[in-house]
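Presented below is the structure to which this report refers.
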């Protein structure tokens, strides 16, 4: 065989072999990976919209998705807003649960962040920062309380305590929440929230 | 006729009396009012931090000299003491001594000795130590206590710049008055609170020609221009250049730290670029960055450019035709 | 379907890629004589430049192209030269092993200092201001030669003079170049008699500044006039080959020891 | 996120070398002399920008529509490798001086994680076309900035009394560490 | 191949030819994923997997591949195994996959792997290549473990996620961040060089 | 009057009081002179005499060999006792003619010049200067005849007479300016004629006001002016002087010719006058013997070839604590380790003092003072580092060859780094390398 032909043949066949091998592997893992992703979302929805049994994706664009959580009867119990934005150093992705009228928050979950450990990373702290987000008034914009107050009762209904030493991260979370709420209201007003939403599972 | 034995050396045979230790001790002398002010405002805490930083710097330096089998007399050149003093002067008064010592060790070891010791380091050692601490212990390094002279009891206390950046001080009308900034009756790092003593020390260094006047001048000019532009455009949102000059570590940085000869350019043009660059970066960080204060970062950032600046700003040799 | 698609994609990519490579291979191949690589492997890789080329690789290219001969590498030993010659299919020229020799015995003790030297501790720097020795011709003791030697063949002995370790010296000549006073010269290893002085001062002067200086008394040249003459107040060996071994004891009667065979401390 | 923000962030804040640790090999290997560092920086910027374009095209025109996600790694690396080769040949043909300046660095870049990392990060972040290109170009500039500063510092350190075991890569890494510290000052600037 | 020789093939990767400390290869992942020991270990194992299988494949089909397309073929082979590793982690260990981010796919450009194929597998028998790959991987894993242990213990006070430092200990956050990674690796390299110089001068 | 100057430079202590007010005395000719055959910049002269020959005062004993060379003349009458290597204040032994003085000072030729010197043609002037072996007395000892023969394509416009004497301690030029202003100006006028220049400028530092006033008075008869210069070192360095007076920059690697200027020292000007008007060869010169280590500092007219020993003894000898002996000025002079060296044409002074204990050398702290003060606007610290680490290409690129070795950088350096020594080592290495390459 001529050298050039051999080159072509060898590399092509390696490509073919690799392709088929990968296709198999890809095929075998595809579902599981999709499942993992979906489970992550689902768990987050269940966490931020208590009472959810099944959920549906109602809207999707980059950096913003809206899910609807339904209870056993199939009634909508709240929205789960999946949004992201830039934090102190890198992207923060979160999921916010609200009631059906978008007036009160249920809970907040941080799905992904690369903030400074021990500082900005406190936004994932369930016992402090995330706790302030439970059951807040979000009919207007939510604001930060600076400096933080020790007793949570002193906060206004639409206020969140700032993390001491991590104002930037706190503000980042706040602005992601506020702007996504704003967008979702806009979307609802324009009637773009899909009615025949796909089931998440 | 004569039994004199003579010295053999290359010309010149006259030499100026100034020497490295003399320069270093002049800097230490100029820091005396700054140290005194820090002792006055922060009392015992300042003394403890100061002494432990100096001691840790000297011990680390001695250790390296011993490891590298170098004569110990260079401990006496005063540069390690300056590093210790300046590091201490840039620490928050509430910092624990262990952390301060870690900072001093890092300053001397990573900031200076790994490069070969005095004269060879690229980055300002004291600031390397401080930056290390700030990144390693961000909470401890941004927790402030009020000066002893204020006689107030609060758990958290903001520095004038923190107040400006994170507490919306202008909108709330709680911006620190310039007079307090000038005298030093404010929170902040040990040595940065009183603008008055810093200017005193700086003028002393300028008059002794120890530091290059271009550096403080360049920093002040570019910072004034930068912050001034925003202030003029929107005084409701941005503080005045004078506030920016008097608040925070600007003066100690401009007079004592950016001027460190080892880590600043040797050519006049390079020095200008370096100084103007520092001012601009400080402005950027203070106005738009994630930190209230940017002096440390901007000096370190521009330190990194110094070799490049030295290389590309070589003065034109007398009689050299300009290229092109 | 999906599997098929991926197989096709990969196959096509592999095909295209290999095609590209084939073209590249055809168009861009640069021929290099494999001998160059072989020769380069044998060379000592000291990259000292003594051969006159920019490093061993350049020398290898030159040898293969026939611009120079294998034995022009002063560092390679006879074995190496032979190997290279075999690769090239030429015969190796005979190599005489040479070694660097110092022409000075101005030890700390023998040669007087002229003053207190303050300055850069290199020989060339000291030489620029006239040196730190009363003798203007002798060794300055700062060891530029030892630093220049890439093969660690020179060390500064306790008496302040450089000593050559014969086995390590490759006769590259770096020390010859480095010495500002030209005190080194390459001699065949077998070369027995050496003049250990370069002073052109008149006898009384040289005697005053250095105990071991040649004082041009002429004992050596009278002992062996066919090979040794006195020139510029200094003994000079005009023809090493003509030195009669029988006369060596006679030559070594030199009152200052400025001529003779190597002594123990001159080499290890 | 605006394009400007992506650009500045790629240069100063999320610098490829100093924040993502990508392209450390050329960063340490080719930073001994300013001139070669400069050429390397240019070559990387060039290839990064092109890679950004091409990887976006592959990802969005072939892989995503056909759900061939698992071919991403293989196809990116193959395409980048062949692309670099092509570019090399092309430059050699059209501009010998440019080839002189960049040529020897191009093959080095093929197996450099900065390039591959760029393609993967852009895909991971779901950037649009313009964003990807700006991201690629900015990251290249960020790399260039870092490597030039590093080269100037190392040229200076060649004339310094650095302790023997620290000479070379060790001191370069420590310098990179302090540079990373200094660059942290810009963090938080993009919101 | 004698067991002794095999042992040597293996041992050299640990120190004499340690890919990180001695050859300065694969520094990007070394720096990037060593913030936590678990990540370092996962990266090490993934690399090991890719290295071993690529070496096996390359050394067994080396005769078939013309040298002009060898790099390209190696890349395809390596990329295939990297994809396998990547998919596997994503499917079965999603949290690790997430925290390693793009660095698993980047194994494909890890210089260690291509370098070993070039320098070793393409010239040696299957058995020797296997031992070499094992040794190199062990060396790589070792380096990752040392670096990540230092970083995690100092940076978070934990080891494999378990608290090992007392409550008094204030974690050095810098160690988890990029500057800490660079400086620690720089110091480790210097130490390695110093040890090497010592042992050499003793010899 | 506005004082002219240039940027950079330093202010070392002047210390001119030792000898400024001391009139020039003649040193009695010694019993034996050793006249080196190389006392100038360039190639050594070829000896014209042998051991045993009888020579007269002013007789040519060494013939110039090439263009860049100068002839050498006997400074006494007597008998040649040897032609052999002899100590030279430059450092390394040089062939020298040793002559015993018979005390007669028999002149070699006594034909008095009758023609009006100003009516000589340029060529005649050059010839006479060449015959008289005149070299620059300002330091570099460059053959003056060469300086008076500018290339055709470089018209000369100005003759600058360098009366700066910016080196501390030295006062020989100052005394000459006070005692022989007319000879100097006449010499300058001859140089003007020889080069076809239009005018003469005499540059004098403002610490020599007396000389300045005398010259302002005398210059009336000549086509020229006197300029007052700031007292600063190195005001007398050619390139800086030209810049200070004319704001012209001599191109790097170029000569004053390139900007239409010839610079001559005051002593040289006087020597030109004497050579042309009296046919007197350069066999004696004025030197300052000064410094705290000399018993009685003096300005002396000394025969070339006189051993330093005789000169110093005439001035009362050395003090016991004197531990540095310098030929030339303290900034650029060359150290001597023995008094057994002859005065040469380039000897402007013999100085001795007790040097302070040398302070420790520190690493460069990059204070930039050397950069700020280098009159050539070089970057000395970087140059020294390049030389130290043997990066000669970089050193050359950064201009090490443009260094005039003035010593400002080393004077001012707080780290006490031997910067000038490094420059000299660097230049020497580069030049050796180049010679090797061209060979």
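The chains carry the letters A, B, C, D, E and F, assigned in the order they are written, with residues numbered from 1 in each.
Following the convention adopted for this analysis, contacts are C-beta pairs under 8 Å (C-beta built on N, C-alpha and C of every residue); 3 or more make two chains touch, one makes a residue touch a chain.
Keep in mind that this is a model prediction, so the values were computed, not measured.
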Reaching chain F from chain E through chains that touch each other, fewest steps: 2
Chain located farthest away, centre of chain F as origin (C-alpha): A
Chain pair with more C-beta contacts, A-D versus D-E: D-E
Farthest chain relative to chain C (centres taken as mean CA coordinates): A
CA centroid of chain C to CA centroid of chain D, Å: 46
Between chain D and chain F, centroid-to-centroid distance (C-alpha), Å: 59
Whole-Å gap between the CA centroids of chain B and chain C: 52
Distance between chain centroids, defined by C-alpha means - chain A, chain F (Å): 85
Sequence positions of chain B contacting 2 or more other chains: 5-10, 110, 116-117, 120, 132, 135, 138, 290, 310
Shared-contact residues (touching 2 or more other chains) in chain F: 323, 334-335, 337-338, 363, 418, 421, 424
Set of chain C residues in contact with two or more other chains: 2, 6, 9-10, 13-14, 17-18, 21-22, 25, 114-116, 118-119, 125, 128-130
Full enumeration of touching chain pairs: A-B, A-C, A-D, A-E, B-C, B-D, B-E, B-F, C-D, C-E, C-F, D-E, D-F
Contact footprint of chain D on chain A as seen in their complex: 18-19, 22-23, 25-26, 29-30, 62, 86, 88-91, 168, 172, 175
Residue numbers on chain F that touch chain D, as the complex places them: 363, 385-386, 388-389, 391
Residues on chain D engaged by chain C in the complex (per definition of touch): 62, 66-68, 70-71, 74-75, 78-79, 81-82, 85-86, 89, 92
Chain E partner contacts - residues on chain B that touch it in the complex: 99, 110, 132, 135-138, 140
Chain E contact footprint on chain A (complex, rising order): 3, 6-7, 10-11, 14-15, 18, 21-22, 25-26, 29, 32-33, 36, 40, 112, 116-119
